[in-house]
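Below, subunit A partners subunit B and then partners subunit C, in two separate complexes.
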Partner chain A sequence: MDFGAIVSNLPLYLDGMLTTVELVVIALIIGLALAVPVALTATSNNPLVTFAPKAFIYFFRGTPLIVQMYMIYYGAGQFEPLRESIFWPIFKEAYACALIAFSLNTAAYTAEILRGAIIATPYGEIEAGRSCGMSKWLVLRRIILPNSFRRALPAYGNEVIFMLHGSALAGVITIVDLFGAARIVNSRHFVPFESFITAGVFYLILTFAIIWLFKKVEFRWHAHLRRREV
Partner chain B sequence: MKRAIALLTILTAMTFGAIANAGDWDKIRIGVEGAYPPFSSVTASGELQGFDIEIARALCDEMGAECTLVQQDWDGIIPALLARKYDAIIASMSITEERKKKVAFSKKYYSTPAKFAQAKGAGIEISAEGLKGKTVGVQRATTHDNFVTAAFGDSVDVRRYGTQDEAYLDAVAGRLDLILADSVAMAEGFLNTDEGQGWEFVGPGYSDPEFFGEGAGIAIRKKNQDLVDKFNAAIDAIRSNGTYQAINDKYFEFDVYGE
Partner chain C sequence: MHDFLVESLSGVLGGYLYPFILEGMLLTIELALLSLVMALSLGLLGAIAKLSKNRTANIIAGAYTTLIRGVPDIVLMFIIFFGGQLAVNVIGDSLGLDYIEISEFFAGVVTIGFIFGAYMAETFRGAILAVPRGEIEAGFAYGMTPAQVFTRITFPACVRHALPGFGNNWLVLAKTTALVSVIGLEDMVFRAAQAGGSLRQPFTFYFVVAVLYLVITAVSDVGLRWLDKRYSVGVRRA
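And now, the complex of A and B:
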């Protein structure tokens, strides 16, 4: 065991961890913002409205993240018109390509989680809102969405962790994230065990941080479910 | 239970098999990369081909050994050797000091300089100043990676790829200003292909032994010094009996062995 190489490369790991956190956080924000309208349209009764969001969810849940990333990164580079277009500066950057892939992927999973939570809304809650004179939108904003977020929280926490772990794929399209840093250290010093266990420990730390954060949010949002002293 | 016994039998057989062939080397497993044309690539039908592959087969014939070629990604090619997935690496691996800490090398079996390539007419000056802010594609964990990182790492944006082919793809896509790679591999594998038409060599050839070593050699586990000796003898033999020359001429118009 030789951790000397790891110690001398700690700055590389820390930079990588920063890149990982940045990628995941931005992807999650964009993903969540996309997921809400997708989930809402997917719960419509009109098949013409549900077709597009359902197709989106189906495609991104149905294909591996690495395939989506290769399609966006290497696939996009193949088309001359795209390379000439104003969008190329975005697709040219590996970072932006990873961000697009991660955002769309997490959006699809989050939308499905939210869709499930929305259709599980007890009808009595909606009825109660309507009988208080709330409009359709107000019911949506005050009752359906907040309660759906509550119901979706544990499943969403899982999705955030999966996204963190999935982000390791960024390393294969030249981005030096946490896993990318580990691969560089491994390839320079030929210490696979030490370099990958170090990355693993950093991922563990990040995962614990996410779990802790969700515990805090759950404590607040699920206050009504907390066990009470009788 | 039956399956467990069968599995145990197979494992035992494999273990003893491995021990049995450790001494006499009549069976050798060779690790190759398969993504580094014209030295090593995979045909459309899945067959391995290239200079490395033919040299490997010629050396095996010379040693009278039965060889199995094992394809392995470059990243893990040394760890897999150490993990006994195969007994030798014939994959255009440069003999460097850093690698010698982990594995033993045969004498070189070829040696070619490294060169930069740029998009035709880009007019990039190869100097610390001229490279400032440029993106350079290299294959991760190669001598080219080490060299560009050490020599120009402060001024250039180094993009590291798992295979050389991926770097070519991104060059065509316009994501790279420069590629640093082995001159022969790049000429045959990229510049002389349809995709590489828009690219050309720029700057001098690099062969500084500090970074690029003494040439490409065969990597073998350190404890198998007897196998190193066998490979060295076989390299000498195919060099003198014309086999090497024949393979050389099949792929190149010049002598790839170098000085």
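And now, the complex of A and C:
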């Protein structure tokens, strides 16, 4: 094992890590923003309303992320009108395409988690809100959504880790994220073990950081479930 | 059969659907099933090691499941594929062997099996813990050896509890096989890239492959539901 090449390329890895974190954070924010309306429409009682969000969730959860990313990055060029439109500068950029794919993917997974959490709302809570004279929207904002977020938190933590790991695919379409940095180091110095293991260690650190963060948040959000000191 | 398919599908996607893409799909399925066999074996071993009273086994199994689940699949694949190639030849060299080439297919099966072994280990661990203690004690009371108790009681009884987790792992595993296209294995994603490139219709081909993955998922769902029914015989449902 020769880690000399790794040490001299450490700045490249750190830059890559920054790109990874940036991609994941932006994708998660956009994904969450999309997931809330998708989950809410998917829980409607009207099959005409639920069809579109359910199809969206089914497609993005049932197909590999790499195929979704290829569809957007390599596939967009197939459409002549798109190539001539003002959106083309976005779709020819690998970074933007990866971001779109990641956002849609995590939106679908998050929506499914939220859908499950919303369905699990005890009916008494909604009745209590109504009997206090709250409107439908107020019940949604004050009762259904906050409690659903609380229930969804552990599963959402897993989804965030899943997104971090999925983001490594950005390295496949020329983006210099952590994995992309490892590929560059490997191709320059031919040190496959050292270069990819280093990336793996950085991913491990990020994974543990996410687990720690969610433990903190759960401690706060699930305060009512904490064992009480007598 | 082959001729009939070539004939009838010749007009579909410029004749690329069969045999080109569907052959790739066959490779995807083969790869997924072989990896599954390896993942199940490793998972069972890992679960037994995690639950054993042996400290060393606990530590090794714990490190295995934590490390594998903390690193992206594609990074692990590159470590095993490129690193493994190098390691095998360093060892081979010292033994005076000629250059050994690991095939992409073998590397793919080993990597995916190794990754999902860790997830399966967690699933099996939970399932084994869900088997009522009294059933195991009853086995011992009849004078069965620990191995007999495991094969006759613990394992068959834990399958029901393991099935939901197993189903999820299998569906994720099937999708993970798409990554082997990056290390040059000609699965359906790899072939879609080639066909899409030559016909200048990349979106169409990737979309077709996405739908084929949905087909795999849908068929698996039916199979999993059947298994669930079979292994839940004797359990009352509300």
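Here is the rule we use: the second predicted complex is superposed on the first by the 230 of 230 C-alpha atoms of A that agree within 3 Å, B and C clash if a C-alpha of one lies under 4 Å from a C-alpha of the other, contacts with A are read in each partner's own complex, and residues count from 1 in each chain.
Rule of thumb we're sticking to: a residue touches a chain if its C-beta (ideal position, glycine included) is under 8 Å from a C-beta of that chain, and two chains touch if they have at least 3 such contacts.
Everything numeric here is computed off the predicted structure, so don't read it as measured data.
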*Could you look at A:Q68 and tell me whether it touches subunit B, subunit C, both or neither (first, second, both, neither)?*
second
*Now for A:V172: first (subunit B), second (subunit C), both, or neither, which partner does it touch?*
both
*Once the shared chain is lined up, is A:S187 touching subunit B (first), subunit C (second), both, or neither of them?*
first
*Scan A:G200 for contacts with subunit B and subunit C and give back first, second, both or neither.*
second
*First, second, both or neither for A:F208, with subunit B first and subunit C second*: second
_Is A:K92 touching anything from subunit B or subunit C once the two structures are fitted on A? First, second, both or neither._
first
*Pick one for A:R83: touches subunit B only (first), subunit C only (second), both, or neither.*
first
*Look at A:R142 in the shared chain and tell me whether it touches subunit B only, subunit C only, both, or neither; answer first, second, both or neither.*
neither
*Would you mind checking which one, subunit B or subunit C, touches more residues on subunit A?*
C
_Footprint overlap on subunit A, where subunit B in one structure and subunit C in the other make contact_ = 74, 76-78, 172, 183, 186, 192
*subunit B-touching residues of subunit A, taken from the complex the two chains share*: 74, 76-78, 83, 88, 92, 94, 172, 174, 176, 183-184, 186-190, 192
*What does subunit B use to touch subunit A in their complex?*
75-76, 78-79, 82, 98-99, 101-102, 140-141, 145-146, 159-162, 166, 169-170, 172-175
*Given the complex with subunit C, which residues does subunit A contribute to the contact?*
58-59, 62-68, 70-71, 74-79, 164-169, 171-172, 179, 182-183, 186, 192-193, 196-197, 199-200, 203-204, 207-208
*asked:* For a test of understanding, state which residues of subunit C touch subunit A in their complex under the given definition.
replied: 67, 69-76, 78-79, 82-83, 85-87, 175-179, 181-182, 189, 193, 196, 200-204, 206-207, 209-210, 213-214, 217
